[in-house]
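Alright, structures below, take your time with them.
Same chain, two partners: chain A is paired with chain B first, then with chain C.
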Partner chain A sequence: MDQRYFEDVEPGDEIETPWDATPEAVAEFMATRRLASGLPEIEDGPERVRPGFERPIVPGSMSLAVLSRLVTDWMGSRGRLRSISASYRRPVYRDDQLRALALVTDTEKQAEGGGLVKLDVYIENERGERPLQGVAVVELPLRP
Partner chain B sequence: MDDADAEFEYDRDILGVEFEVGQATITKEHIARYCAAVGETNPLYLDDAAAAEGPYGAIIAPPSMLSGLLMEPRPDPDVRFGNTSYAAGTKFEYYEPVRAGDTIHVSALVKEVYAKTGRSGTMVFAVYQSRYRNQRDEPVAFEEFARVFRQA
Partner chain C sequence: MDLHSHSADASDDAGGTVEGYLKWIVARRKRGFRIHGFVLTEHREFDPTVDYSALAEQYGVTVLRGAELETDIGHVLVYGVSPELAKRFDFSSVALPHRELFEVARDTGGFAVGAHAGRPRIGLAHHVHERGLTPDGIEVIEQLNGGSSSEENGRALELAEEYGFRCVGGSDAHFVSAIGRCLTAFRRPITSIQALVEELAGGDYFPVTVEQTQRVDAG
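This part shows the complex of A and B:
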């Protein structure tokens, strides 16, 4: 995994990755949720269509996880994800053709080494809708 | 804008009361299954040798794994409005990394419940806060999560 350095980043930089939210992946995500705590799964099964929705949806926490992955893969092992937020504006439907995207919007060098980078993050479907939008803040090291 | 006149009911006594909602021990197996589910391939999470040479000296969990932990249900403000509810938004702040073998303790409270009326009608929001701490009582993460209740 390549290391991203603060000096290499500029506002306007973009990153993206496709995301295939298959029924199997959603089911596995939901199954992993109960492993650590030993609790039974209490949320909807992956096949259930909830009131107000056209089709089965992807859990919001899974969409957030994919946005986090996009950013942490980009920043490299010595970067740190400080925070990430997301507004769930529309449902993310399972089996949609999805992309996770991020746009660097601001950079700020820190007094004690490293720098903070702010990114707009979002999930986009094949209809051009952005059902999740948010902001991530990462800390990147300075180039040695 | 907030809609103070919207008609809805909820349990006001629960506001601000912090509850322990569970704990989870994060194993390498758990991390690996989580990574497979969300497409994570970062060696910091999966490869003992690579992680040993990384900044943390051992395997850590992806930060987002905390949002995927299933705990006891959050404190319930018992919102009585509409016929459906879903996640409206969330924000995570991360502090200490979660290392394989860590036990994470989670506490949660209901911060507020309020209504908003817009073009699509009235929606009621319940805002929760959760604190994640490890077995050394170090803060690992803080989450603010909002759920919306509405008439479908």
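This part shows the complex of A and C:
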């Protein structure tokens, strides 16, 4: 993983990755979540269409995890994800053509070294909808 | 002008700050996009004491204020919120009577617009086509909405053509990078809420995407 430095980042920089939310990936995520949380098994598998939805949806926590991973992969091992939050505005349908995106909206050098970077993070589908939108704040090191 | 936006100051589903929007617009202008300013239309409220004029002046961007209210025909953007209008309606209600709202807004020096008109449940097209409602008293709809899909904006355009509505555009931004994605092009600069109300009532305007505003000579 490449290290990202504060000096190399400016507002308008965009990060993007396609996201294929296959039934297998959703099932794997749900199994991992069960193990990590200790919560009982949820009966509806990735194929189930919940009432009120057109098609099977992706768990909200998985969408946020994908956005978090997008940002942490981008920032590098010496970066620090200070916060990430998102607003769930529409369902994320499993078989949509999804992309996870982040856009640098602000940068601020810190007196004590390093710099803060604000990013808008969102999931976009092929219809141009953004079912999940949020904000991440990342701390990046200065170039040595 | 972007006629529809929300900030973290007053809309609980928004993550963008007003200063964040201002910085973003300045950055977009440097890339050749023409964004004059925006109207904050927070959900179900209007606080007359809030003033962003110093911040707006600092960044050279016009910031005006309206409200997004919820009615029996979906969401409605109101510009020129007077004390009288605020007294007549409980802005926190999610089912305001739309006919009265559109009428009183006009009578008290304001102007109301049907928000994200193509959106299911919260847009005018749904209520006209699914519930058989007649859109009396409505002249203008937000046809181009940055939070709607192209299909939903297409539905709003069909509604506008069917009823002869004039159309505006707004980003419906809740986060910084969305501000100015959709806008309304006016023939003259809008620098006050009164000027905006006058233009909406009788002026010449049309919705545009931010890409359509880009100067061809910009680097």
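The criterion applied here is as follows: the second predicted complex is superposed on the first by the 137 of 144 C-alpha atoms of A that agree within 3 Å, B and C clash if a C-alpha of one lies under 4 Å from a C-alpha of the other, contacts with A are read in each partner's own complex, and residues count from 1 in each chain.
In this section, a residue touches a chain if its C-beta (ideal position, glycine included) is under 8 Å from a C-beta of that chain, and two chains touch if they have at least 3 such contacts.
Just so it is clear, the structure is predicted and the values come from calculations on it, not from any experiment.
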*Per the overlay, which chain contacts more chain A residues, chain B or chain C?*
B
*Touching A:85 in the superposition: chain B (first), chain C (second), both, neither?*
both
*Check the residue A:73 against both partner chains and state whether it touches chain B (first), chain C (second), both, or neither.*
first
*Mind working out whether A:118 is in touch with chain B, chain C, both or neither, as first, second, both or neither?*
second
*Looking at the overlay, what does A:29 touch: chain B (first), chain C (second), both, or neither?*
first
*Using the superposition on chain A described above, determine whether A:15 touches chain B (first), chain C (second), both, or neither.*
neither
*Scan A:60 for contacts with chain B and chain C and give back first, second, both or neither.*
first
_Under the contact rule defined above, give the chain A residues that sit at the interface with chain B and also at the interface with chain C._
85, 87, 134
_Contact footprint of chain A on chain C as seen in their complex_ = 13-16, 20, 23-24, 27, 31, 147-151, 174-178
*Taking the complex as given, what residues does chain B use to touch chain A?*
22-27, 29-30, 33-34, 36-44, 54-55, 62-65, 67-73, 83-84, 86-94, 104, 150, 152
*Using the touch definition up top, name the residues of chain A that touch chain B in the complex.*
1, 19, 25, 28-29, 31-37, 39, 41-43, 50-52, 57, 60-62, 64-66, 68-69, 72-73, 77-78, 80-88, 91, 134
*Which residues of chain A touch chain C in the complex?*
11-12, 85, 87, 89, 103, 105-106, 118, 120, 122, 127-130, 133-135
